[in-house]
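Pasting a structure below so you can have a look.
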Amino acid sequence: MSHPATDGRREETNSWRTRLYVIIFEADTPAGKLFDVLLLIAILLSVLVVMCESVDSLEEEHRRLLVRAEWFFTLLFTLEYGVRIACARRPIRYIFSLYGIIDLLAILPTYLIALPILEGGPSTQRLAVIRALRLLRAFRIFKLAHMLSEATALRQAIWAARAKIAVFLSFVLIAVVIVGSAMHLIEGGDIDSPGQDVDTGFDSIPESMYWAIVTMTTVGYGDVSPTTGLGKTLAACMMVLGYCMIIVPTGIVSAELANASGTPPTTQVCPECMAEGHDGDALHCKYCGGKL
Amino acid sequence: MSHPATDGRREETNSWRTRLYVIIFEADTPAGKLFDVLLLIAILLSVLVVMCESVDSLEEEHRRLLVRAEWFFTLLFTLEYGVRIACARRPIRYIFSLYGIIDLLAILPTYLIALPILEGGPSTQRLAVIRALRLLRAFRIFKLAHMLSEATALRQAIWAARAKIAVFLSFVLIAVVIVGSAMHLIEGGDIDSPGQDVDTGFDSIPESMYWAIVTMTTVGYGDVSPTTGLGKTLAACMMVLGYCMIIVPTGIVSAELANASGTPPTTQVCPECMAEGHDGDALHCKYCGGKL
Amino acid sequence: MSHPATDGRREETNSWRTRLYVIIFEADTPAGKLFDVLLLIAILLSVLVVMCESVDSLEEEHRRLLVRAEWFFTLLFTLEYGVRIACARRPIRYIFSLYGIIDLLAILPTYLIALPILEGGPSTQRLAVIRALRLLRAFRIFKLAHMLSEATALRQAIWAARAKIAVFLSFVLIAVVIVGSAMHLIEGGDIDSPGQDVDTGFDSIPESMYWAIVTMTTVGYGDVSPTTGLGKTLAACMMVLGYCMIIVPTGIVSAELANASGTPPTTQVCPECMAEGHDGDALHCKYCGGKL
Amino acid sequence: MSHPATDGRREETNSWRTRLYVIIFEADTPAGKLFDVLLLIAILLSVLVVMCESVDSLEEEHRRLLVRAEWFFTLLFTLEYGVRIACARRPIRYIFSLYGIIDLLAILPTYLIALPILEGGPSTQRLAVIRALRLLRAFRIFKLAHMLSEATALRQAIWAARAKIAVFLSFVLIAVVIVGSAMHLIEGGDIDSPGQDVDTGFDSIPESMYWAIVTMTTVGYGDVSPTTGLGKTLAACMMVLGYCMIIVPTGIVSAELANASGTPPTTQVCPECMAEGHDGDALHCKYCGGKL
């Protein structure tokens, strides 16, 4: 979105809408930065309230305080949502943007609970956790500090390695399907008498694939584990494979980051000998001594 | 296999066999790419059908649909298998190749179940999961996109590090045998009265080695864990060893990848001796001394 | 702190206070090094005594020996604490420094237990484990050996990567909150009848976040694990995410360390402007253009 | 040990002792390589026999075969041990070397079981697993192939990083002691009534340290896990710490290996312009074009 303040052809320049727009949607001015920090604190507090509500003991003791806090934040975010629509240059576009939908979803649950029909409906109340999605706005805070360049470097390294990571992930998924199917064949109970046999955790291929992912990522809950000798042997092979395979993506991103940060970004050319590759702080050409 | 279309000495050039061969076995032409993509989708769907069949609740509800889908894919893959044999320049060679055997194994189970003798045999029905092996054909899809070069880079890095990885794996295996034996000695129950004592999970060396692999790869199911003080001490040492040892292969592949991608891509050619591979800061050819 | 021995304007130079100060607070002289090593051994032994006291069987057998050893180390550390206050140039500053508070906390518990009011109070006795914090003094030992430069290199690499690590950790925490909330929604029991339903381990958002951290760091205790199909699917996605995400910080620090150690240590000084930091292949000073 | 064959001042040169010495203790000659490979196969088979003996079902079925195989390998290794002593130039030195002691320990258990006094003693029989230590001889096999240089590169990288790894490990151990003590304080049961309370797994500091190591290395058995809110919070912090800390040693070794393999070992200097840093395959100076 272009900055409306620099767009002199519109009559509402410097009007309240433009000023609100700069504060709410941008983070370059001091007021905009302050708004973003205050909004982040409000989101963190509202998430904390939802967390406390989910703990039974806390909810019973401080029910009144928590309900009031929830209504306070709901009204605050409703106000913010209204102002965003009011001052956005293209309100429809904001409403159907990712953040617009999250902002709406974050305030809806509280109103839905208040409706007489749904009163006491537990599933509605629990929807309040959708508010946690608003934490994604925290990524805006990176615009405030020098973290932006760091976050950009990370994103670029991951982006540069996307094809390698895709190859790696597809290899992992194929291994998960094949090993999961094999374990279902080895460890799965007798399928003639379903219902009688004990659930070994390998009764269907999706369950075996869940086990394969738990094992390959070295999480290893232990809620499902092989019991037969052949199953244990295959599991051991898969663990060694998973243990070795973490190497590959690690090496990929390491190499990307090492390359990214090792390349000097100076493109200065010596006017006399046309030599390149000078350091950022060089005043003279390091080959011919000419002034840069 | 050389491209038969460029092989003008055979009369069947441009015949239906050659055209089918180009479509089915190669991926350079638009028709070949389309065939590979469609085949991959069919494989994915057939694997999905086998997965659904393994889930009891789904199987009971949609038994009819699943059986029909299985027969549809079996007949489709049988047709594909027949066409592959028909148009391959050396059918015998294809039949006994890895993919040829997998293709055959993928269609056999459905026919075996249909035989009157084996009807209802659960172990036969479950063999349908062999079809998951066909997912290996998914690696052909990498030929379609620019992922090929990425996959090649990964394979080369792993291949270059194969000797180091072999040294590392043999070290891991020796450690697993020695620590597994030691834990059997420490934690294994009294072998005088087998059958009476509780199964501690360390009753035989293979079981202890299974535990050692589960621990060293940091999977840690918890189905087997030491109970004595000495066993816990040894286990703790082994965990720290396994935690530290993941470093070694990671470092190896990182260094390989960094070296591989760190090679400067200077494409300068010496005007006198036509040699390549000069450094970015070279002024003279390093082979003949000619000015670059 | 400046070295008082080189500060000739004070009359207490070479007095007992200065000599004690050099021995106790510094590690450059042989006496200072000896003191640090002996102190470290005393701390290790005292921690060992506290450990033995916490083991019931050992405590019952050797109660007398352990009590005596505890009093011996308590008196020893009290003496050391007194001498440190006596010879410190700014006693108040030492008392309220981090190490001063730890030194005080390490000796307090034994005295508190001896008080008649608190006699037999188990929580007081157990406070003796605070003494383990004194192990932090072990980091001083790095000053003694050539490990100092290694520790410095590590600290610098971590410090240089602090912004990237902060971005990474905030991403992890936001993912933990969102996934934890989602799992509470999916796996949490019916909140209408609290007390009746089984504790699934997802009964509150903080508990779900605990599970999310256990899963994402690939620890995977298995005390809490999803049981529904949707929960298992989400858990599997999170595991793959956590498995892939360990790449990012690893790559960051690898690149930092590679860069740090990759900097060429050229010590060439320009004969004209005395500037340093030239590249290995520089022919002219990059600041003044003078021939190197 | 110097090669006795090149030591012409001894009369037993080319005698049977020298020839046996060359075959048994060295791996440079074809006979020596063959001996090492055969010995390795014999060790692997003997370890396999011990493994089979430890499995109850196998041991009952093939008791006779296993006993015979064990005696065969014991006599074979006794013969080898005797020949090693006979042909070693300094027999005493060999007997008290690491490999000499392992060789002796590997044959002792079988003889001890045969003694009438110890007959049927299970602990003696199980000592046969000591034979697994002989697998360490497998590292000699690296002398046979080109793996030697790879193994050397790995050893050098680890050796170069030894100070950094020591700093890292001491940091890990201090963290384990402090967090273990803290968890004992938080999760440990009431120590007033030992014997009554349930064993939470945090009843003593060593047990808490075992938990801390299991958690920090991300193994996570789940046999011991925190139950209180404060304990879970501390555990979550420790997991994130352990998850982040694996970075440090990985980065260290990566950087060491990258440096080791990235540094060009050419020290050639151009005789005309004295420039350095030429590639290994350079024939002319890349700066002035002079012949190297």
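The first chain written gets the first letter, and so on, giving A, B, C and D; residue counts start at 1 in each chain.
By definition in this document, a residue touches a chain if its C-beta (ideal position, glycine included) is under 8 Å from a C-beta of that chain, and two chains touch if they have at least 3 such contacts.
Bear in mind the structure is a predicted one, so any value in this text is a computation, not a measurement.
Visitor: Would you say B-C or B-D is joined by more C-beta pairs in contact?
Guide: Between B-D and B-C, the larger count of C-beta pairs in contact belongs to B-D.
Visitor: For copies subunit A and subunit D, work out whether under half or over half of the interface numbers are shared, and give different or same accordingly.
Guide: Over half shared, hence same.
Visitor: Of the other chains, whose C-alpha centre is the longest way from the centre of subunit D?
Guide: The chain lying farthest from subunit D is A.
Visitor: For the interface formed by A-C, which of the candidate pairs B-C, C-D or A-D is equivalent, sharing more than half of the contact pairs by residue number?
Guide: So the equivalent interface, with over half the same contact pairs, is C-D.
Visitor: How many angstrom between the C-alpha centroids of subunit D and subunit B?
Guide: 29
Visitor: Between subunit A and subunit D, what distance separates the C-alpha centroids? Give it in angstrom.
Guide: 42
Visitor: Report the inter-centroid distance (CA atoms only) between subunit B and subunit C in whole Å.
Guide: Chain centroid spacing, subunit B to subunit C, equals 42 Å.
Visitor: Among the residues of subunit D, pick out those that touch two or more other chains and give their numbers.
Guide: 206, 218-222, 246, 250, 252, 254, 258, 262, 287
Visitor: Is the chain-to-chain touch network here best called a line, a ring, a star, complete, or other?
Guide: The chain contacts form a complete graph, every chain touching every other.
Visitor: Of all residues in subunit D, which touch subunit C in the complex?
Guide: It comes out as residues 163-164, 166-168, 170, 174, 177-178, 181-182, 184-185, 188, 190-192, 194, 203-206, 215, 218-222, 225, 229, 232-233, 235-236, 239-240, 242-244, 246-248, 250-252, 254-255, 258-259, 262, 275-277, 287.
Visitor: Spell out the part of subunit B that touches subunit A in their complex, as residue ranges.
Guide: Interface residues on subunit B, with respect to subunit A: 47, 50-51, 54-56, 120, 122, 125-127, 129-130, 132-133, 135-136, 138-139, 142, 146-147, 150-151, 153-154, 157-158, 165, 169, 172, 206-207, 209-210, 213-214, 216-223, 246, 249-250, 252-254, 256-258, 260-262, 280-281.
Visitor: For subunit B, which residues are in contact with subunit C within the complex?
Guide: That would be residues 218-222, 250, 254, 258, 281 of subunit B.
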